[in-house]
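Right, I'll just put the structure down here and ask away after.
Each chain carries a letter (A, B, C, D and E) given by its place in the written order, and its residues are counted from 1.
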Amino acid sequence: MVTTASAWLLPALPFLAFLLTATLGRWLPGQGAGIAIVLTGAGAVLWAPLLGALFVEGPQLYQPVWFTVGGDALHVSYIVDPLAALVLGVVLICSTHIQVYALGYMGGEARFGWFFAVVALFTAAMLGLVLSASLLTLYVCWEVVGLCSYLLIGFWFDRPAAVEAAKKAFITTRVGDVGLLIGILLLFRATGTLDIPAIVTAVQQGAIDGGTLTAAAILVLLGAFGKSGQFPLHVWLPDAMEGPTPVSALIHAATMVTAGVYLVARLFPIFEAAPVALAVVAAVGLISAAGASLLALVQTDIKRILAYSTISQLGLMFAALGTGFLPAAIFHLTTHAAFKALLFLAAGSVIHGTTRQKLDELGGLRRSLPVTAFTMLAGAAALAGVPLTSGYFSKDEILLGLLDRSTLLFVATLAVSALTAFYTFRLWVRAFLGPDQMHGHAHESPAVMLGPLVAFTVPSLLLGFLLFIPFGPSANIIAFLAGETGHPPAQYAEIGSYYHAHHEATPNGLVLGTSAAAALAGAGAAWAVYRSGARIRRRLPGAAVLERGFFIDALYRWLTTQVVMRLSAFFAWFDRRWVNDAGVNGAGRLPAVVGGALRTLQTGNLSTYALAIVAGMALIAGIILWSGR
Amino acid sequence: MIPLEAVAGLSAVLFAIGLYGVLARRNAVLILLAVEVMLNAVALNFLGFGAFRGDLTGQVVAIFVICVAAAEVGLALGILLRLHRNRQTVDIDRLDELKW
Amino acid sequence: MNIPLLSLMTLTPLVGALVLLVLPRDRHGLIRAVALAAAGISAAAAVAVFLVYDTVRAGFQLAERLPWLPQIGIDYALAVDGSSVVMLLLTGIVIVTGVLISWRVDYRPKDFFALLLLLVAGVYGVFCSTDLFFFFFWYEVAVLPMYLLIAVWGSTNKEYGALKLTLMLVAGSILIWIGLLMLYVASGINSFDLFRLQHITFDPLTQSIAFLLFMIGFGVLAGMWPLHTWSPDGHVAAPTAVSMLHAGVLMKLGAFGILRIAMTLLPEGARIWLPVLLVLATVNVIYGALSAMSQRDLKYVIGYSSVSHMGYVLMGLASLSLIGTTGAVLQMFSHGIMTALFFAMVGVIYDQAHTRDIAAFRGLICTMPAVSVLFILAGLASLGLPGLSGFVAEFLVFSGLAQAQAWLFVVLAVVGVAITATYVLRLIARVFFGPPEAAWRALRDGTPLDVAAGASLAFVLVAVGLYPAPLIGPIVGSVLPIVRRLGGVE
Amino acid sequence: MSFDGALVAFGIVAAVAIVASLGVVLARSVVSAAVSLVISLMAVAGVYVLLLADFLALVQVLIYGGAVTILLLFALMLSRTGRDSGLTTRHRPIATVAGLATAIFLGWAIVATNWFALPYAQLQRVELPIIGTALFSTWALPFEVVSLVLLVALIGAAVIARTGDAP
Amino acid sequence: MTALYLLLPELLIGGLAFLVLAADLLLPARRAPIVGWLAALGMLALAFFCATWWGAAGAMGELYVLDRFALLFKILALVMGAIVILMSLDYARRRLPGAGEYYGLIVFAALGMALMTGATELLTAYIGLELLNFSLYVLVSYSKWNPKSNEAGTKYILLGAISSAVLLYGLSLLYGLTGTTNYAGIAQALASGTPSPGLVAALVLILGGLGFKIAAVPFHMWAPDAYQGAPTPIAALLAVAAKAAGFGLLVRLLAEALPSTLPLIGPPLAAVAAATMVLGNTVAIRQRNLKRLLAYSSIGQVGYLLVGLAGFGAGAAEAIVFHLAGYAATNFAAFLVVIIVENRTGDEDIDDYAGLAERAPFAAFALTAAFFSLAGLPLLAGFVTKFYLFLTAAQAGLIWLVAIGVTMSVVSLYYYLMVIRQLYVVAPIKVGPLPMTATERALLSVLVVATIAIGVAPAPLFVIVRSAVAPLFG
């Protein structure tokens, strides 16, 4: 019988797969790809009974010890609560399906085994991150996830663009991690422990003063925004598309990028106690959502459009968290994982079939790639929030929350939804409708790729209905996430898990109507504009600014090349010129100079020598008399 | 009535003159002469102190000083002659091949 | 344990060196075998010491004492505590891998290995001697072969590098010498024995002056800013094995000296000067990292990165907290392994390519996969990636600093980690990834020996990264009394 | 000899000694330097007589007056090549300063210290046999060693000065 | 009658000297090496004989004493003399005309050293010193056809004469003050009185005179020229043996005769020590001739010994003698290598030593070991002896002087490394191995082993030195 205690198995299986494929890869069948998929699949299978166990046992916390330093013991503790359980499921299911898809997509690759090894490691690290209940293990998995993203973006390391993108991704997230680490240290200093439950209880008892708490929260946010590609640390995500598409689907859409959202959710009680930090979350979320959706409008590369859309949707999730509605944000995370993975896989199928990914070069593919066209349509609909799709319902929950807070936020989000609908359908229409640019050369993807595509359409369309059916002991998915699983609230509080008396979310007619309207308007407009296949040449106003990504990228490049490199060049010069040449060599030469001077006293003339003797004696007499006085 | 200070003073003056001679002369043999003056002053000093103490040690040491001085002159002149035969000079200002 | 383990460990290399001197010059095979045997036995002894050391009982164990010059109070006294056990293990590992990597030295290998063994004997001696005179004696033994090793077998401007390195280390050592004399005279107990000196509280003025002398003296060796300039030049000029031993182990000698002598005997002095050390160490971190970023020679980057990482060690020591100091000693170990791996791999590349100019290389991973992967692993360890020993050590140092409320320094240190990440990744991206350069088509991967040496170092990095308890246990045991005496945070 | 007579005699002899010594160091010609050395030595011998150390005076006259001066004269004659330009080094002014300083310093040292001294009247002559026995009893060791010193000087002068065994 | 048997060692040495001179007369010129061997073995035998007398002690009137200190210096003098003779066997055969008297004079020098350090009375000490000086005056100008040797000899004897006059004048003033020439008597007389100007003058003059003997700055100027000009073995004799005896005399004088004047002469000695160390080591950097470099290096070493004198006491005396022993073995090794190279190639410049490690590996190793020992690096004599020397100075409160000392050690390491660089790093100009005779190889090995042995296990030597110095301090 699977109990919550055996949750550690989930990350362990993929890690085992990583060890096997990385070391014995060459001799395993299919270079170890099979092993990776089987073990991750086993994990996915294990997820269901684990969920069941959670329903029965309620949230549990386990704290094995890693090593002790003097009094303090550092734990490798892990937690199983509704939040963790749901995201575990998302990661496992997405990872398994995407790995199956990758069998087809990565077919002829030279280092096929290495790809699956790193994906397995990534899955293990992501699961570890989700499960961890100690800031230490969370940070460890956080970094390993970053490493995997670096290795996978730079998978084709013989392509300079990929190597640059990988480096940029790792460094930008690393800058974010600086904040996260300092935040962790602040919390460690204030509470004397690294275990999240203890910190949460300390915060709830008000043991930490406001100032430190806010500072720690904002610093932790820095890490979250780095990993989730939020403004201002979003520059790396679009470039990350250099990696193979399954990677983009798994890491840069479904799982890794949501780690930031998950982190804030896990530490939510801390953020609740620091209102300023919550405001920052909401603000950054909205800015990213708006900004990214505008940028997506002008992109021509289909993967980059989806990348910006991911930033935008994550912005929405952060906005939801910022306004205090954790269940809504996590539910949207789940649905987003489904339809964004679907869109990426479809894009991959398009690229696989046409070897091209620029919108201008694509068109009229509905005939040559029927399955891809249909599945992509489902994904696009969900993303746009077309009524009855999962996106529609999850976005509604968020809009509901925003309406409570302020109408301004609600209206802004509606506008973003419209824009989202517009650029999503711009993508779909230009790619699949209109004249066939490929003149029949495009070929549909093999079954192993289409299988996952179809598999993902199901949740994209149907996940929304979870709102209406009971989810285990709780009324619906939202209630489940809020902690109403029939277990005493004290059990949640004691292990620092999120618990919030759930206000009954009456399906508000206004919200449902306006969001449907926005989605259909956006989709319709896109269909109208691009249906004829006409190449709209006239540029949208301000397109130049959008194309340059608000010049943020340029700013960072200027910052590194001019400021940092110049500073380092100065230090290197200073070290060489002053500290070394003047300082050390200078001192080194002093004795030689003194020696040269004294040497000339030795004139070789005897009377000088005699004089020296007399002078010496005079000196000695002087010293004796002087010291004797 | 000769006071001790007078004898010692005389010896000091002779010593100083000898020292001047050593510092000022360029001819090695003349330097030797000056050294002889200094040694002579020393002998006088020893005798002076010995005599005024009624102790014969002074006199004995003076004898030894004179012996050593004589030996020194002999050896020094031997070396100077060898130097003269090789370098045709005893002028110490020209003896600066070994320096720095 | 009746066999004198510590003496066996310290004296085997010396005996090895003597045996080598007797061997005929041209029997390279025999020479290498003897060298490896000597290094191997000493490393085995080091491992045995590590295993035999009882962490629970902590304190000084395996003590050996032999009157050497009793009239002055000097005994040939050896004993190990937690930190020295860890450092001996590091030395054992680095010397064995160093000898393996030097298998290809064919210019007068006899003298090379004899001097190398002399160097390592000195290092062993320092880590396990508890008589201050012998601490200084072994420290100087380690400096003795340095000039010849670098000047004869070195590479770029080897004579300048060798001379500067030797003279700066000896200059540092004279400050330690004066400090020792001051302590000896002030103590009045006419003995150099560490344990007896520990019980004496010196007057504050002597403590302050002596601590400063030790800090600067050992600081030179530990690469403390601004006395660090010998480190990049020295390591670039030195042959591979020597840079491995030097950056990997000898620089830790400096930090170990501060811990073992200055902080143990002079608590008052420590309280006055450690804040200054903290500031200098922070400069080390940032200054080293930024300088490393714009270097053009591969070894210079590693040299400056060693300066930066030694900054972390010194910060840990200066944090006056148990966790911080434990982190410092662990960082000594982890950085030692990391730098040894770095230099080993660069040595392999340099031996074939005969250049270390970063701009000249591209896509090395295609022609030299094993060497590249090992170098990248060392790079990841140096930027503090969790799962490798670098992270654990640095995390402890940062928590120590956090406990000591030194927030500015925590921020700067963590920023340092970010800068390190930048220059390491730029280096890796530039040299190893990217399309393979036509010019380097002929490069072959490292020989089995090189890869074996590199792999064993890499294994240690990962093992300590995943499960550091076996190292942290003994370190905490030895550092606790010192921190308690300094009144640091426990 | 009346007491003050001794003082007068001492004065004369001392003056002669000082003038002669100055002659040694200041004479422009080598020969006059040698001659003034002899006079100076003889004057000092006179002082010895005044201090009732007649044996010492005898030794002085014999060794110095006889052997040493002849030797020096020989050396001077042999080394006169006429090419020497002047007899004083360029350090002459400093030398004078040094000389005067030494004289003043020693003079001050002698005057400022109160030496233990018997009055001149109580000086006794030391009989020759006493000196003889002393030389061969208490001072036997230095006496033997001085003979070795003389031997070494003898051998040295011979080895160095002889012209044989060219390289 | 004074206990004549106490003088047996000195008599035997004198006898040996005459034997050597006689042997030289009887044997034809080409048999000179036998005379050398006779002298050397004789001296070694006598040294062994003195060693067997280690327990004996006794005074010969107030003039001379036979105590462990005197015995130690007799042994040292004999051994050092033997080493110099062994070093010069090959050298004399090639470069010195008529080496017969040469060996005899070295034996006389050894006798002078023995007397100097055994005397407890000013006159005997002075006469012993003069015997040593006279032998050295002759030996320095012994290669009489070489103008450099003549110049060196002239400078040495003239300055030597001046210094001995100065020393004597000082001794006469001391005699005037104390009424006796016996060390114990002087000490007793000075103990009661307050320091008078007369005493100051006496001390200045004595320090000046003896300063010349040990070539302390500013009385050192003769040394570099003398070492360069003199035949190299004699340079070794000057640099090591003469200095050792000079310090032996100084230690006994300060310990037994002038203990009460220590506060007076402490500061000037410290100043002279500092000046000697600084000048010796810095000027050495600029030297291109190896013999002159060794000269300045030995002046530097005298500086370290003077640090011991400046903080004089029982410990300091031990340290000085201890350092002297290590210094002797090390310097002889260095000079022997210079002799070997000079014998085969005639070069003295450092540049001619290029690549010596290729041509004469053992010689290069020996020179490196010697230089590292002089620089005070461990495993070699210099480290321990210098450490103890600076330790006693620190105990006497002269930390500033120790600071200068250790700094100058670093400077000295620099110019030693410059020479070692020539040996190992620079490629050889001349090609072909540099052979060594069997005696040279054996002697060099003994010296190197001695240097390392003192460095690694100093306890035995230290015990001997401690027991030797003990009698001086009652």
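Simple rule for what comes next: a contact is a pair of C-beta atoms (placed from the backbone, for glycine too) under 8 Å apart; a residue touches a chain by one contact, two chains touch by 3 or more.
This is a predicted model, so every value here is computed, not measured.
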Fewest touching-chain hops separating subunit B from subunit C: 2
Given subunit B and subunit E, the chains that contact each of them: A, D
Centroid-based (C-alpha) most distant chain relative to subunit B: A
Chain closest to the middle [Cα centroid of all protein chains]: C
Label of the chain whose CA centroid is most distant from the centroid of subunit E: A
Chains linked by the largest number of contacting C-beta pairs: B-D
Where subunit A and subunit D are represented by their mean Cα positions, the distance between them in whole Å: 104
Whole-Å gap between the CA centroids of subunit A and subunit E: 78
Centroid distance [mean C-alpha coordinates] between subunit D and subunit B, Å: 7
Whole-Å separation of chain centres (CA-atom averages), subunit C against subunit D: 71
Residues of subunit C whose C-beta touches two or more other chains: 167
Residues of subunit E whose C-beta touches two or more other chains: 123, 127, 130, 134, 137-138, 141, 144-145, 153-155, 158, 162, 166, 173, 176, 179, 200-201, 224-225, 286, 414
Per-residue overlap in subunit A, given as positions that touch at least 2 other chains: 588, 599, 602, 604-608, 610-611, 614-615, 621
Pairs of chains found to touch, sorted by chain label: A-B, A-C, A-D, A-E, B-D, B-E, C-E, D-E
Subunit D contact footprint on subunit B (complex, rising order): 1-10, 12-21, 23-30, 32-34, 36-37, 40, 43-44, 47-49, 51-54, 56, 59-60, 62-64, 66-75, 77-82, 84-85, 88-93
Subunit A to subunit D touching residues, read off their complex: 605, 607-608, 611, 614-615, 618, 621
Subunit C - residues contacting subunit A, complex: 164, 167-168, 226, 228-230, 233, 287, 290-295, 322-323, 326, 363, 365-366, 380, 383, 385-387, 391, 395-396, 398-399, 401-403, 405, 410-411, 414-415, 417-419, 421-422, 425-426, 429, 432-436, 467-469, 472-473, 476, 480, 490
Touch list for subunit E against partner subunit A, complex: 154-155, 158-159, 162-163, 166, 195, 200-201, 203-205, 207-208, 211-212, 217-219, 221-222, 224-225, 264-268, 271-272, 278-279, 281-286, 411, 414
In the complex with subunit A, residue positions of subunit B that touch it: 19, 22-26, 28, 31, 92-93, 95-100
